[in-house]
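Both complexes below contain chain A, partnered by chain B and then by chain C.
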Partner chain A sequence: MGGYIMTEQVPLLRVKNLTKIFGGVTAVSNMDFDLPEGNLLGVIGPNGSGKTTLVNLITGFVKPTAGRIEFRGKEITGWPPYKVVGEGISRTFQMVRPFYQLPAFKNLIVPLYSPRVKKLAGGKYGNRDAVALDLLEEVGFERDAYVSYKKAGALPQGYLKRLELAKSMALRPDLIILDELFSGLSLAEVASIVPIIEKLKTKGKTIIMIEHRLKELFRIADRVMVLNYGRKIAEGRAAEVMESPDVKEAYLGSEGE
Partner chain B sequence: MLLGTLIYGFVNSAILALLAMGFNLTFGISGVANFAYGAVYIFSGFSVWIFLNTFGIPYLSAVLIAIVLSGLMGLAIYYGVILRIKGMPLSEVMATFGLGLAIMELFRYFDFVGFRYTLPIFFDGSFSVGEVYIDYQRMMIGLIAVALTVCLYLFTNHTRTGLAFRAIAQDERTALTFGIDADLVGALSMALGCALAAIAAVVILPLGTIAVEGGYEVLINALAVCIVGGLGSTVGILVASVLIGFSQTFTANYLEPHWMMLVSLIAIAIVLVVKPSGLFSHQKELEERI
Partner chain C sequence: MKRRKERIDRGVKARSADIFALTSYREMLYLLIPGAIPVVGLLCFTPILSDYWREVMISTAVYALLAMSWDMLMCAGLLSLGQSLFFGIGSYLAGSLNYYAGLPPILTMPIATIGGGVLCTVLLLPVLRLRGVYFAMVTLVLPLMLSRLVEATRILGGTEGLTGLTPFPNQLTALFVIQLALLAVLFGFRRIMGSDYGLVIKGISDNDRSVMSAGLNIYWYKTQVLFLGACVGCFAGAFGTHMDMFAGMPGFALDYSLMPVASAVVGGTGTFAGPLIGAFILVPLSEMLRALGALRIVFYGLFLVIFVVGLPEGIFAYVQRKYQQRERWVDIS
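Let's turn to the complex of A and B:
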């Protein structure tokens, strides 16, 4: 036994045979995919196709019925959320829930206190307020404007979504999962967030984006995966994927051509 | 008469605040209403008594052991019971209430009834303010209530664990995404709540006898203060303690002493009719806006 030499690089995230059954409903069915480091994977599909369940499975909010999840070659299947975060996977939620009573920048203090951040910073937390304000500037809060100091409860939706992004970045993750970050935002707001995500990519972050805004997603995604009824029905480059008959049927109904 | 009523009103308020603090802390953080709270209170009272009289352990050590034991009991309740039914408030109430009943009635079963179950006073003696005599034990209750409030404030506002406590209290889901272990924090909040019940017990019980019925009374008083102040709100607890504490003392001194118990029940009724979330609760505001 043994003696195999790994020629293939271990992908950052590997999902194998992942299945989740809620009661009688199969939300995610036998899903397989690999995500190499530094890639941006777009996940699309009609409502109820299992996209958010997939995110919940990877981040530990939901325990899989069957299957396996590996991060950097280490099995993390069924780990609780706080441990998954410690490994370097962070996420955003479609419905944002900041700490409404805290000022926007103070919302970032909690993740900046995490053991992971301390470890990565060499055992010291540093000046968290300053780091928080820098992070907010990175996601488009105007520097020196009052907005960073406003209570999160008083911010408009556009800023709340940016804050959500900043929160996930504050944990200094290797993999960021963005669950419908663009939903509820205007075209202009989406256009202003796209460059922030592109910048994260150039910094080497691996990203999974669940999106309904296909146009913007296809501009920045390296690969796209299409789900329908909990199954992966296509995966590849955006243009190729949209040519697949299954995808056309799922998205447009059978009238396609 | 008035000066005396004011001073004893303050002491009574401090007692109520001490009683409610632990219950409120656990609820505020993990959302678990620990109805075994009164049982933990008398459990620690009887523990100290047993350590003192059966094992002959010095008073201060007996007190410390009882506080630690109560904290451990909180952990055991959390991991043994709450964790299995977490997120189902009615089950949490029933399970903890049942457990509390079992603990308290077990003491009755083993004949822990009677006037011999008393704890010695920490500092004997008294002093007078004007014409009012006040003993050191009551003075100490007031001081400990203030000191604990300050400690809890510092803990929740200036330590990492305290921050995690507050994060969980505000939004468990968000806290989870920040890498906070919600179950561990919940268990700690339960342990801390029970330890606070024990601290309240060891400073308050020397004023009277340790009785099983006391456990039920403690639970009602803690509930009254928390409901009036708004569950989970520290400021609310302090204000409600003062309101109910002074009302009780005034009722006892100017009306009839045995009407005292009615005050907290009436207060609960009024608040539930007028402002069900309590005077200082943020619960409603925090609900999802989007």
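Let's turn to the complex of A and C:
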């Protein structure tokens, strides 16, 4: 348990004994992990294994029953979401949550309005519309095609997912948590988003990816963590993890027996 | 042969993201006329009415203020069924400042506006986390509770109320005061909601988790909106008190809660101009139907139902659409 090699450096994110019990269901139980800066951690596991609850716990949407979350050595356990974002953690939602009535680029005004962005910009907000349009171009909204001006409600799923990504990037986070960003996308769409994430990584962002698309995830992830029934059953490099008997059982077990 | 209605934006010809390039008087007028209608209509048309109808206009304006305050709360997703809370508190505050301390209306009204805004915000702060119908229930009950409190403890004049308060010098002064306030609130609120701040507020009602994850404290923003709405409602109450020279339990009456909602629904929510138009239709209409005696409420209800069923988007949204878009039928076969 917790047999992690202690290094001199404080990890960007440290989760210790994190537990969440909903009624009688233990969604996350005694979770421990460290995430060094600049790493891309993939989190996988069968449905209902507690992946999204883990995201909700870290980002403050759900308060933990027990345990501790540290960001840059500072305890952020149980903080409300807006404070967690202020520290530099942003997330995307599995079910996209755009403001359907607004044009796509206006969706980014809300994150760009946050105190964190103001602080990083030296107290000046500047022209948020221009920043929003640049950000959308970065995630693949073609500027010439005026996609950015279309109502979010009229956009296809692929663009909505990119918009969701842009919304979390707009906060200039140090840690981005992507909750099933690839779900519901075609292979071509996934292939076009992967470079955006790789670019974020080269910029030094730390990323946690919750994914069901293992093939794409393994290509970009530094480390992979496998959850089952709210417990961490394996952690390590992608190839090693998939060899572990526990993981094999979790993924294939029900059919084998 | 099948036909389909096609809508084309009328708009201004040259338009970029945030610059309107105006090339002619026609285009300038196109943009300015809608804003000029309420200003000219209120300030020039109402003073020439008879004394009786001026009185009606004044009470209409009070309801219109309450309706716009309701609309402001609605923008942040706060459904209020207790606008009379704001009216009553504003009314009692201004009334008691005048009755006990002898302050003139020019002082009591601003104090009651700000003080009432703070008081109402503090009263509703604990339930700000509730959403939709739960928040509505609390707002519905609070004014009823407060009026019973006044009755039971006999404070602030008890059931008699505070009488003999300082009136406005004359009717025209009162008319101009309330209508200037009305215009200030209308344009002020519309400007606020048109800004990035307004976008955040609307975001909270559309999708509060998304705003939360954008690093904004939604309860703080809801508090601000509540304060704005409460201030406007309390101003209406303070004004009404000096108008009637009386502050009492009727300030917490259900009328002040329901009329604003009906106005906003008839006029179109989320636009501020809509609730204003709604109030200026419903209040005079209810006055005109007075001749019908007991049947009045039947016709009034019928009118409401016809409007809500026939124009669910509201009058203002309908007119706005007609103004901004050209419609034509095209054949598709």
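Going forward, the second predicted complex is superposed on the first by the 246 of 257 C-alpha atoms of A that agree within 3 Å, B and C clash if a C-alpha of one lies under 4 Å from a C-alpha of the other, contacts with A are read in each partner's own complex, and residues count from 1 in each chain.
Keep this in mind: a contact is a pair of C-beta atoms (placed from the backbone, for glycine too) under 8 Å apart; a residue touches a chain by one contact, two chains touch by 3 or more.
Since this is a predicted model, take the numbers as computed values, not measurements.
After superposition onto chain A, partners chain B and chain C are found to clash with each other. When the two complexes are overlaid on their common chain A, residue A:Lys106 makes contact with chain C while staying clear of chain B.
After overlaying the two complexes on the shared chain, residue contacts for A:Phe93 are found with chain B and with chain C alike.
Shared-chain residue A:Gly153: touches chain B; no touch with chain C. Shared-chain residue A:Gly45: touches no atom of chain B or chain C.
Within the superposed three-chain model, A:Arg128 lies in touch with chain C and out of touch with chain B [touch as defined at top]. Looking at chain A, you'll find residues 59, 61, 80-82, 85-86, 90-91, 93, 97-101, 109-111, 113-116, 167-168, 171 touch chain B in one structure and chain C in the other. Remark: chain A residues 59, 61, 80-83, 85-86, 90-91, 93, 95-101, 109-111, 113-116, 153, 157, 160, 167-168, 171, 184 touch chain B in the complex.
Taken together, the chain B residues at the contact with chain A in this complex read 160, 163-164, 167, 170-171, 173-183, 282, 285-286, 288-290. Contact residues on chain C toward chain A in their complex (touch as defined above): 17-18, 196-197, 199-200, 202-203, 206-207, 209-218. By the touch rule above, chain A contacts chain C in their complex via residues 59, 61, 80-82, 85-86, 90-91, 93, 97-102, 106, 109-117, 125, 128-129, 133, 167-168, 170-171.
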